[in-house]
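Read from first to last, the chains carry the letters A, B, C and D; within each, the first residue is number 1.
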Amino acid sequence: MEQPSIEIMVRVRYAETDAMGVAHHASYIVWLEQGRTELLRACGVLYRAIEDAGFFVVLTDLQARYLAPARYDDVVMVRTWLDGLRSRGMSFGYDLRLAESGAPLLTARTEHVFIARATGRSTRAPSALVDLLHGFTKE
Amino acid sequence: MEQPSIEIMVRVRYAETDAMGVAHHASYIVWLEQGRTELLRACGVLYRAIEDAGFFVVLTDLQARYLAPARYDDVVMVRTWLDGLRSRGMSFGYDLRLAESGAPLLTARTEHVFIARATGRSTRAPSALVDLLHGFTKE
Amino acid sequence: MEQPSIEIMVRVRYAETDAMGVAHHASYIVWLEQGRTELLRACGVLYRAIEDAGFFVVLTDLQARYLAPARYDDVVMVRTWLDGLRSRGMSFGYDLRLAESGAPLLTARTEHVFIARATGRSTRAPSALVDLLHGFTKE
Amino acid sequence: MEQPSIEIMVRVRYAETDAMGVAHHASYIVWLEQGRTELLRACGVLYRAIEDAGFFVVLTDLQARYLAPARYDDVVMVRTWLDGLRSRGMSFGYDLRLAESGAPLLTARTEHVFIARATGRSTRAPSALVDLLHGFTKE
């Protein structure tokens, strides 16, 4: 049974390339963040609202495997899914491909913890968020 | 009579280059900001302390003239000076050169206003800051 | 008579914000570049093809006026138009607004020259490009 | 027996922070690259010279563990060491700490392959480079 996932398209900006003529490896990390934003939105969650409610979702672990380079003006398909949901954190998986050919570019996984803005300390996930995410993973 | 100025050295990062093989034009804008941070430090002002005291210094106008490109691993000399100080804002001037040859890379000017963090509105500069900056410009 | 222009929508990424809680001023400069890419595409020109044909289009002058901040997840409407076309260069104008309210965020103007990749020197614009752009500006 | 390593100091730029008020997680990835550049320089290798000799060193794998946030104007100590050297690639290890307190911020590991610029394909490391790196790891 496959995890539900969402796909977004990101066009490589010139500013995201480097002197090798391809997208710099740090650019992909920013695209993963866009994938998370849109996955949450698809679940009915605005990340902005999580922060307004007094939480930060902080990245604690990042693993990425670069398979092929993307070039300026390429459209990259970023597929994102919720890979795990714990009381105090969550993790996401990613699969990035060239939109045109489907050629794989990158696979990645990130882990995150919930932080209470007031204390700066790790905290339990807001229950409304957990409910929305559970609903999404089960569909 | 020349304005007192400070110089910092910035080495061009690979991530700051683009597919033209040179530093991307947005990278220079970030170096200007480093120049301001260090000019303020030389005046005895930590920009961080300005924010802690309840102010933001917000950029409102940017003018930059690009004269020649910098390349990966080049050391860029960023000269920064206070170009104007008003009750509610200040402006800075910049001259960027290749450290090795002195070849001019960029000239720029930025304007900034003081914002009260509590209200988000324009405000008068904190007087302690103005005193320190006046001291620096007069030396 | 108004210049023909194109509009693109850019959603503010978390990575584009800074500790003031708004989009960093250098982020807008990257959005201008996206505006140019899409204006050229609307004229039937791929910037990538210009480079493949042996040219770079290099930014030489940048003027930006920041009117109000954009926040994470805001959708920014970037309107771009060709502001001038000369034998060896061109300039663009920009008007950025919050998509939701139409509130103005930034106005800007950039100038660019054509560089021959082989020599690194300023050169005349490729005539096919000039024809396509002239067609667009006159419509 | 500990690997020889080098340390560089990186001051967090305002542009590298995000709306959480701390350095964005992608900023650290760029600092790792600076660590590699300076480790190679300490070995007598200019990365720029590797490229001039017809090679790219391409990142293929990235693992990073974020332990604590760095803030604007913090000085970050980036310790970098060569973690492995193979005929067609190499890997690096990293330990990032707050310079002032020594508090750990991030540990990371990256893998890289050598690419021939002419063909875009994986290739053996240039032997002069391997000799220099071996000399460094054995000292």
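We adopt the following convention: a contact is a pair of C-beta atoms (placed from the backbone, for glycine too) under 8 Å apart; a residue touches a chain by one contact, two chains touch by 3 or more.
Since the model is a prediction, treat every value here as computed from it, not as a measurement.
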item: Contact-richer chain pair [A-D vs A-B]; value: A-D
item: Farthest chain relative to chain B (centres taken as mean CA coordinates); value: A
item: Centre-of-Cα separation between chain C and chain A, whole angstrom; value: 28
item: Separation of mean Cα positions, chain D and chain A [Å, integer]; value: 24
item: For chain A paired with chain B, centre-to-centre distance based on mean C-alpha positions, whole Å; value: 34
item: Residues of chain C touching at least two other chains; value: 14-15, 19, 26, 30, 33, 71-72
item: Touch-based graph of the chains, sorted into line, ring, star, complete or other; value: complete
item: In the complex with chain A, residue positions of chain B that touch it; value: 14-15, 17-19, 21-22, 24, 26, 71-72
item: List of chain C residues in touch with chain A within their complex; value: 11, 13-15, 30, 33-34, 37, 46-48, 71-73
item: Touching residues (chain side chain B, partner chain C) in the complex; value: 19-20, 25-26, 29-30, 33, 51, 56, 58-67, 69
